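Reading through the structure tokens given below for one structure.
Labels A, B, C and D are assigned to the chains in the order they are written; within every chain, residues are numbered from 1.
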Amino acid sequence: MDRALANVNPALIEDLVDANRILYHLGVVDGFGHVSARHPADSSRFIISRSMAPALVTADDLMAIELGGRPVSDNAPTPYLERFIHGEIYHARPEVVAVVHSHSASIIPFTIVREATLKPVSHMSGFIGEGAPVFEIRETAGTSSDMLVRSPELGAALAKSLGPHNIVLMRGHGSTVVGLNLRQAVYRAVYAEVNARQQGEALRLGTPNYLTVGEAVESAKANDGQQDRAWNLWKRASQQSGLS
Amino acid sequence: MDRALANVNPALIEDLVDANRILYHLGVVDGFGHVSARHPADSSRFIISRSMAPALVTADDLMAIELGGRPVSDNAPTPYLERFIHGEIYHARPEVVAVVHSHSASIIPFTIVREATLKPVSHMSGFIGEGAPVFEIRETAGTSSDMLVRSPELGAALAKSLGPHNIVLMRGHGSTVVGLNLRQAVYRAVYAEVNARQQGEALRLGTPNYLTVGEAVESAKANDGQQDRAWNLWKRASQQSGLS
Amino acid sequence: MDRALANVNPALIEDLVDANRILYHLGVVDGFGHVSARHPADSSRFIISRSMAPALVTADDLMAIELGGRPVSDNAPTPYLERFIHGEIYHARPEVVAVVHSHSASIIPFTIVREATLKPVSHMSGFIGEGAPVFEIRETAGTSSDMLVRSPELGAALAKSLGPHNIVLMRGHGSTVVGLNLRQAVYRAVYAEVNARQQGEALRLGTPNYLTVGEAVESAKANDGQQDRAWNLWKRASQQSGLS
Amino acid sequence: MDRALANVNPALIEDLVDANRILYHLGVVDGFGHVSARHPADSSRFIISRSMAPALVTADDLMAIELGGRPVSDNAPTPYLERFIHGEIYHARPEVVAVVHSHSASIIPFTIVREATLKPVSHMSGFIGEGAPVFEIRETAGTSSDMLVRSPELGAALAKSLGPHNIVLMRGHGSTVVGLNLRQAVYRAVYAEVNARQQGEALRLGTPNYLTVGEAVESAKANDGQQDRAWNLWKRASQQSGLS
């Protein structure tokens, strides 16, 4: 394991490995996507896997990265190209301590259709609030980019689109969610995907009656108190069926 | 196990644990949702898991709760916040002996689109009858609630929406089904979800030709006689692939 | 095993057990549905499981039934209520030697929407031909039946709707496919479901360009020569993941 | 193993077996479909399984075939009827070294609806470029063919429809993708299917904002550098759950 993580609480390390496995188990990430936590003792750093498929991550694959994108340790392994998603959001949002980036399947259509805004269809997705903003990379990278958030500048533009929200969609790419703790960020990544699938269905049936802003706020608060119920299930299920 | 369950038939305890596992195996519940049975010897109580993910429930997690919502035993574990769904339905419907509450995926769109009423598309779902009523929590809790049925008052409002039906949808939340026995309630929870998926598809193809009321009544009666065929399969399948 | 099956080729018995397991493995049947083969030495009888979930069927559960619906052996176990589906089709179609009845999910919508006819979208489904007929049980059983094909009269009406086709849809119920051999009937049951899913998607995209009648006939013929490739895969996959 | 493969790098043989297993694991092929690699030492030959289900392929099932379609070795096993798909594309496109042909489910609707063109919805599918061409076999084989690419003439017509693209759809049949290496071809087959599913959803939500040609080119280039991340995951996952 990265020596820069020597003093990190083992429970956080374990949760971060579990988060990688859970997100794969639930189909939020496949070979791509990543999850990070802010370093608990140094808010200018975050912890994330080296560049690899989340389903295969172990504690030895975790590394510390500075918010600006530089790996902390000498001889660090290859980091994710898009680590700037994490660093710039941690920079812009001091209260955020966890970030999940994914290409989950049902979210993609909502990123490319202007008429459709991701909104909460049930109390499980109250964290989506009034509707998810969409990051258009063309505004910063032009019309012929490789779509990747591969620089601090692009990461900052993404963080600006995120604003005070809990989730930001990324046009033709996926989404990024944030949390006040790691389990909350994982919960949000899972239920953003679930919500997208159900909202798509609802839009085909007629005119959806979304949560009010008040309902969204209150149900999100109530769910925060229950999130370990889901986490414990997902941890057990992903361990039992996970890759070894 | 809760001492208040000491005299309950072990076969019912086993069925209730199996019901939790089956509903998870078939995707009706995930980390959330719950299933209960009325106490066979005391109709003023029901049996349900403590607050936890259904897939992990064992006999030791079951507890007795009074219809009003108070756990029977001193030192009882934490009960589900929404136990009032169960208690108030048992209160309003003396013949009901089992209740399943879930957020199953295909039902949600039908709860938030006023133009769409859940109706039976095949003989497997005759129990839906003329169409499922929808519970609007705003009428009781106002427009900024956390959406949870967290009080006797809200439970009673839900029971009123259910009326004499076998299923009630809950706007932006999920559904609740009832049964004259536990296996029937599980069957109904499973096929309500199946029906919603198929009805959504049918509505996209054109104008569905639903069961008549007579067909719904008669096919539901016929299926009641066959429900153990499904139960035995589901029990075996959920045991083989279940979490341990 | 039923003594009336004592002289049946063990390879057919094995195939019939495998057919039950395969149809469950591929999601064509769940707790309900059934598959039969005509008795090779007595065309007035067919072989089918006793009334139980297909996934759990073993050779000991198979029984011989007369085309009229009467179990051959004394002390025979309980037969399926809808055995008349099989008997009357074998009666009306002497060349048919295998029948599958199922409620597979994607077929149901096509049974209840008059504007939508199941037609072959690819060469894998050429056996559907010019389009699948739909059996309306109301014409025989009236508007308040339990929807089940529970008599010779209803079986004969279904066989009449089937006519010379390879598949007949059943309104609000499911479908029945026939084959000139058991593996062909299983293949058709699997790909009818696949075709329904893909046709539904195509209809949402625009106007499908279906196979011509000539293409349907020729591709069905070509696929018949390849069906063991699928069978061998399905057998292995269903054995590896099947219920024990 | 075919003696004509005696001098082939064992790593390529292993990758080709893995490719068969991976494509089954991810649902791109079922009992049908095939993947090949050009012979590294003799560009007039390619390596492919004998006629069987991809999920069951081992190194012993691989065989060498001349681009014209003739098996290289005497006593060669039965080759795929549609080996001309591979041979004629290798003939027309000297830079191509791998080909995958499949009937993956979400692609089929795009092959039969003229109004719908498969286009890249996200950076994972940049290889689709400006949109996938569609091969209409009727133009060569007439209106009553069995739909199979069973001759050099039909293979050449398919290669002509493919032109300089990375993927060609086949009306009422499936698709064929090519790669500059085997892993790239597998990646493309997987993400073509993913893209079709997401594009179908997007079209139901409104008007999709597809990748620009520049974005498609650049994102495809970027992904080529990451493809082993997916391959390593898929290999592990398919081995763990694969058929033995």
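Rule of thumb we're sticking to: a contact is a pair of C-beta atoms (placed from the backbone, for glycine too) under 8 Å apart; a residue touches a chain by one contact, two chains touch by 3 or more.
Nothing here was measured: the structure is a model prediction, and the numbers come from that model.
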{"item": "Co-neighbours of subunit C and subunit B - touch as defined", "value": "none"}
{"item": "Copy-to-copy rotation for subunit A and subunit D - C-alpha atoms, rounded to a multiple of 5°", "value": "90"}
{"item": "Between subunit A and subunit B, centroid-to-centroid distance (C-alpha), Å", "value": "32"}
{"item": "Centre distance in Å when subunit A and subunit C are each reduced to the mean of their C-alpha atoms", "value": "46"}
{"item": "Contacts with two or more other chains, residues of subunit A listed in rising order", "value": "204"}
{"item": "Chain pairs that touch, as defined at the top of this document", "value": "A-B, A-D, B-C, C-D"}
{"item": "In the complex with subunit A, residue positions of subunit B that touch it", "value": "30-32, 51-53, 55-56, 81, 103, 105-106, 108-116, 143-148, 171-174, 200, 203-204, 243-244"}
{"item": "Touch list for subunit B against partner subunit C, complex", "value": "120-124, 126, 194, 197-199, 201-202, 204-212, 214-215, 217-219, 221-222, 226, 229-234, 236-237, 240"}
